[in-house]
Structures are given as structure tokens and as C-alpha cells.
């Protein structure tokens, strides 16, 4: 009898393999191969026209030239700050959607979070620029209201970059938060309240632990989106945006220095990987649980 | 393995524009904005049946895109004359011209000579002249008085000037400091030192720059809206603004405008060389070239087109360059390796606080 | 209506509800309700689903505010006092244990909120867990416990705070029958051991009867009757209580004669019975009579029936075997009215067959009748 059972099982596995093969091949061709290619690129150095040798020069340049790791650290710190700001803003919004509003109103608030995505990122960012530039709407309004004596330039500040980044990624934080808060049984909050809990202690002891996978998922997604963002920091940050993706773009496209660009790309990948790992460690979450939330 | 990345990059950059049936009936041109007016495309189609398709770009992107595909994806490119040889040595992205196919008599001889000098590699010619112009200063004369590049950094213009953070600005400020960077092209060490010092000047000047512009429209809008009182920019842009507002002028700085010459070049794996030659011969006819000159706001390399040029443009040219070409610097071809030095300086300026 | 609400010193009451009203839109969930619960007693609120029990309890706990009336706990008005500040704790219908904490932390949660030092609260939580028989469970996670164990944790979590009043909202509702029976006894023992005042909600009349010192029977936002389980069972004050508390045969008819407290009733189908009137009833009024199954006596021969009780005859319709609670369902011979009689424990009638003719009688003093339609709008 073993044949009767192992035959179909073996066939099923083959069938499954065949069904998955195109997807796996696609993944391999689009994700794994380019990564390997980039890795090889990053470990070589041009010594003469069309002549390359294996070397660590690209990585050495990164550490030797303060401006590169300065931009790198700045990108990481700003992304982190923007992620935290997004969390702080998204949490009350998600709470309102999940717990305070019912039906139509709750859906409406969700749609409001979606509005930034009705236009492309370029248009959205240009919209911000029109609003914030010195001859734009907001400075004129501030001057008119007497908040400032004359229209001031609101573009090209670090705070502007943060605002732009938070605005763009709010939805990616709200969605996992709403789904994890919705699954929180209201009676748990009431029970905690009944047992003497205050708003703050309930948030800390009940709500945040319950929503931790959602919070972690949101933070990971948002942080990676911010690290990898290009348009928002370069357009809103102007002459001092100093975003690391811009450095990568410059190396690849403007300087024709693919080797350096590839090395930078890998450093960014290492940064986001280690930040995700750290985030999971700190919040005590498992990757699988968290990703199911997104 | 090394072919994968270029392939993917090419896919991404070309937006997946896969090969179409009849390559001889279309001509894919990668060029600068305003370089190919719609009217000329229509005329060309009427005459030859070939449809020109235009992708807008700049020097760096032209090289990057062609490098990513090994010279495929376009049938004609328009890099600046000084950026051909270095890129060709490094990346082999162009093919030489078969001069028997080109009506050389349509070109202005001195511009042809410049190109022959700068765009020849191993005895073969890789570029033909198309349009030339200069970079200098665009100034709103009601609100600012500038004579040279260095004046962009005067304290009273803090936050009110702009530059494009690319190599021309390094050259301009090098000249403004009294040195000749082109003369140092052969001396890497001296050139490095010069660039270092230019970098320091520009970092100190950074508070004066409201932003670094990336494209012509951004610069034009800045000056037009009054957010900028002066910028280092192309002559054609300055003249366009001058037509809207006579206070805005393009001036030839004391240490000299830097003249550029954009060319025709054949991508190594272009599929319609016949079409490209037909286009070159077509656009260099004086009547067509005059239309192009009007669209760009610059002069072309076509012999005889200047007589047909817009009188207003001629007047603007006269006003900006009263001495003609006496105080204008022409780019020589860039030896390999210099751009890496400049790149680091530019990065440093960008990153400085 | 009842003596419990008036005349006694409020100081001996842990809970006084005075004229509490709660409306949801146009629906009155709790309607002018007043009652008191004596210190240390076990008070149950019994009523059908949707009658307003949870609403009442949530007003006492402080989660919702009464639209009218007053609630006093330990003699103190609770107006404007939040749930976290009331000397009351609640055991929720679905328990609401905190899954993100260990059992021990669940029990220590309230102590931590009161600022009890960590070592002290762990000690007290552990002691409380031992008292509910879960001494070894402090480090376990909530989902590693059985249903009954969770139940005990939920109670321990509240009791550790030594509340004046413990509110329990159908805490046994989610348990299976066997466990429910078991937990009933445990609850009773726990309440006796701690001496805390319990206010217990249920729609299961047997729970209410077994556990409580006093029961309030609730219907449509009001109490129909308050009293001891015995009073409710033997002296129902309204037809609703008679029908809701314990099993009962209900016979609808008209009073045809009144002789002191005993009323003669002719049912709609023409069956003539006699029953004690709960309130004054005039001849000719429509009435409802209730006869408990265990009040009636069965006999194979009419002569075997107790003397002095009106004899009735009928045929066995079906046998309802349920061990000690077995009963026979029969139809009165002429009127064909259905009537249920408990089988005696002796096994005397174990051999009854369907269709068999049978005689029965009941003491009219132990049957009760009410004017029809009262409190039944």
C-alpha cells in the first residue's frame, strides 16, 4: 500500500512545484539576481578605463569620507524621528477609527487618510512646494494674519522634510494600527478601568501590549518607506536635503559610479535590515506575527 | 551575471518600451528639452515617413541610460561635445559617424572643427555639432547688480540666488578665482587643488543659494516669481525671461561665459542609422535650423541659419555679448578621472551645512 | 413593593439603588428601579434576555450614568465617581482576563494601580490565587487555563481588591452544564468565605435560586418581585414571576366562583379547577392560574387520591424522563388541557404508558391565580 499513498503525494508536490515555478523564477530574476549583481559590483574598483579589480575601496570611501556617513546617519535618524512622529499622530487617528466612530464616520476618516494617495507622489510633493514656498499660500496667510511680519520661506527645512514624510506614510501606520486595535476587546479596557486603571496605565498595560504587533509592523513599513524615499526629501529639503537615496542616485546616474552606488545601496539595505531586527528585538515580536498584521 | 543589472536598469529607464515592428520608420532621440520642436517632427515625417520619438534628458542621464543598455534603446543622442570621448572610452556607448552619409557642407566650419578636435577617438569622429550657447548670469537688474560669478555670494543676496550643482558651476567659480581650470585638465594634482578651493568657496556661499535647481523650469520660475534675484543659468533661459520682463537680463560675466556645444551622436546599438543620418541632414538645412533655433532660443551649427534667425534673438545676443565671442570659454574634452574629483567636491557642497 | 427597599438603615446596606432610570433612544432599558442589598448578602437579579440586567449592573459599576435616580454604595452617592474610583468590582460576562499578562499579573493588576509595592502585590496575588485553589498558576498564561480556572481567576482578580461590592454579570454563561453546576457551588462557598456582598446577574432561575439570599426578578426594566428564593417560588407576586421562576402549569380562564381565598376557575376549554387567589379577585374576571408540577399527585385509581382535593382525570400524552426531575405530560380528559406532573422519586409510576388513563389532584391552596393581564401589558 505505500505506493498508493506516496504516489499521489509525490505528484501533488511536483504539481505544486510546477505551479509555483513561474513565481519563484520571477522572484529570483527580479530580486535575487540583481542583488547578487549589485553585490559583485560593490566589491570592485575601476583602475583604468574598462579595467576593474576586486576591492573594498567603495566601502572604504564610505567610511573615509565623512560626508557620506554623515548623510547616512542623518537619513537614519531623520527616518527614525519621522517614524515616531507618524506613530504618535497615527495612534489617536487609528484609535478614533477603531474604537470611537461607527460605520460611515469611521470609513470616512479612513478615506481622509487615503487622500494623499489619490495623486502621485510627484504631484503631491509639488503641491506641498506650492503651499510652502515663500511666494506660496501658507506664508502669505501667515503674513496676512500677522503671525509673521513678511512671508517666510517654509520650504527647505528639516522640519518640512519631516512633515512631508509623515504625511506620505500616515496611512501605512494607520492601517495596521486600526486592525490591531479593532481586535482589542472593549471589555478588556472596561475591566482595567474597573480595576482602578487610569487612561495612561490602561494605554501602557493593555492597549500597547495588545497592539504591539501592529505598532511594530507599522513602524517597520513606515521606516523602510522613509529610508527609501527619494522625491519628498530631495524636493522639500532643497539644497540641504542630504538623503541617502539621493546619494545613491547621484552615484549611479550623475557620476556613472555604479560601484560606489552599489556599495551605498548595500549599506542602506544593511541599515534597514538591522533596524528591523532591532525593532523586533526591542518590542519582543516575531517577524511572522508582525508581517501578518500588515 | 554583469548583464543583469544593465538589462533591468534599461527596462526601468525605458519604461519597458519594447522593440516595435518597423524600426526603420521611427527614430528614437534622447535629447534636451526644446531641442526638437513638434513642427520639425511633423515636417520630417511628411518628407521621409519616419516618426521621431523624443526622450528628454541631460548629459549625465544620456550617458547613464546608454551605459545601462550598452548603447541600445535610442537611435540618436545629443550629448555636449566635451562629454563624448571620456564616456566612449569608458563605456563604448557610441559608434563613429560614416561621414559619407553626412552633408558636411551644411555645418559652420569653425564649430565642425571644434567637434573634430574634441570628439575624435582613434581617428574616428563621434560627434557632429548641433546647437551652441553659453552659461552665464541671469540677473534681475532692478533688484541686483552682478558683474561676475562671485557676486552671487554677496551678503545682500543671501537666500536669493541659485545655481545648478553640476560641473559648470565649478568651472565658472574657478575662472572667477582667476585660474583657468581647462589649462589644468592635464595636471590632476593641480586640478584637484583648484577644485578643493572652489568647493570651499561654494560651501561658504551656500546660504546665498535658495535651492540648487535641477531643471530649466525650476530656475525660470524662481527668477520669474522674484524668489531669486540672480542665478547662474543658460543664455536662452535668460533671454526667454527677458521677453517677459525687460528687467531680467542675461549677462556675460567678467571672467567669461562658458560656452557649450551640443552634438549629434550615434548610440552604439541604435537600430535606425539611416533615419539618424536623414534627420541630421534635414535639421541642418538653414530653414529647419532656424525653426529649431527659435524653439531653443540659441543658435544652431547650421551654416546660413543665422541670417534667418529671429531679429529679437539677435538683438538679445548683441546686448548680452557686446564684444562677441572675445570673452567666452569653450569646453575642451574632459579627460577620464576628472569627473570623479569634481563629484566628490559637488557631494561635499551638497552635504555642507 | 418589598420590605427590602424601605425602612431599614442605609448603613447596613452596601448598595442602594433609588429610582434609577436609563433610556436608550426611545427604549427604556431600566425603568424607575429601586432596591437595596444588605451587607454580606448574595443578591441575584434574575430576568429574561434583554430585560436590562447588564444595563443596571453597568450603572452600578459606573460605566454608564443613570438618566435619573441615585446609586449609593456603602451609603455614599456615586454620582460623578468614575468606575476606577468606585469600591466596586465587576466580573464580566466574557471574563475579560488580560491575555497579555500572566495569571499572577492579572490578579495583581488592580493592586498595582493602587500603588501597592511589587513584592507585596505579588504576595497578595499569590495568596488570593491559593484561596481560589490556583496556587500553582501564577506564572501561567491565561490561555493555558480551563474555563473554570479562568472563572476563578476573574473572581480572584476582583476580590483581591477587597471591594465593598462584587458585581457578576452572568459569569457562568460561557461554561458547559457540568462545570456550571460545579462553579455554582464554588461561587456560593467563595462568597461565604469572603463575606463580600455579591450582586449577581443571571437569566437562569436555578442559579438564582441555588445561590442567592435575595433575588430580584426583573422584567422590562423593572423588578416584578423581590424576595428570598422560597418566597419567589412558593408565593409569586405576579404571573410573570410564577411563570419565570421554576416550572409551572399555566391555565387561563375566568373566575366562576369565589369562596374566601379560593377561587373556582373555568378554563377557556371548559376545565374546572380551584386555586388560591394572590390578590382579591371578583367573580367573572379573567384569570391565570399556576400549578407547580410537584404539587399535583398521581393515582391509577381515583380512590387513591388524597381526600379533600378535587379529583381530575386524564390520559398520558408523553413521558419526560429526566432522572430525579422526571415528569409526565398528560391531557385532562374532557378539556384536553395539557398538564405536567412530576413523577414521585419512589419509582411508583415508572411503568406508565402513553395513552393510559390516569387520575390526579392538587391542593387548591398550593395553586395560585392572578387577574389576567396584570403587569403583562
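For reference, chains read A, B and C in written order, and residue numbers begin at 1 within each chain.
Quick note on the criterion: contacts are C-beta pairs under 8 Å (C-beta built on N, C-alpha and C of every residue); 3 or more make two chains touch, one makes a residue touch a chain.
Quantities reported herein were computed from a predicted structural model and do not represent experimental measurements.
Contact topology of the protein chains: linear, an open path with no closing contact. Ranked by distance of CA centroids from subunit B, the top chain is C.
Centre to centre, using the average C-alpha position, subunit A and subunit B are separated by 37 Å. Rounded to whole angstrom, the centroid-to-centroid distance between subunit B and subunit C, based on C-alpha atoms, equals 92 Å. The mean-CA centres of subunit A and subunit C are about 57 angstrom from one another, to the nearest whole unit. For subunit A in complex with subunit B, the touching residues are 30, 33-34, 36-38, 40-41, 49-50, 65, 67-68, 70-71, 133-135, 153, 155-156, 238-240, 242, 247, 250, 252-258.
Residues 1-2, 4-5, 8, 60-61, 63-64, 67, 87, 89-92, 159, 165-166, 206, 209-212, 225-227, 336, 339-340, 343-344, 347-348, 350-353 of subunit B touch subunit A in their complex. By the touch criterion stated above, subunit C contacts subunit A in their complex at residues 61, 63, 82-85, 88-90, 92-94, 96-101, 109-110, 113-114, 157-158, 161.
Subunit A meets subunit C in the complex at residues 185, 187-188, 190-198, 201, 205-206, 209-210.
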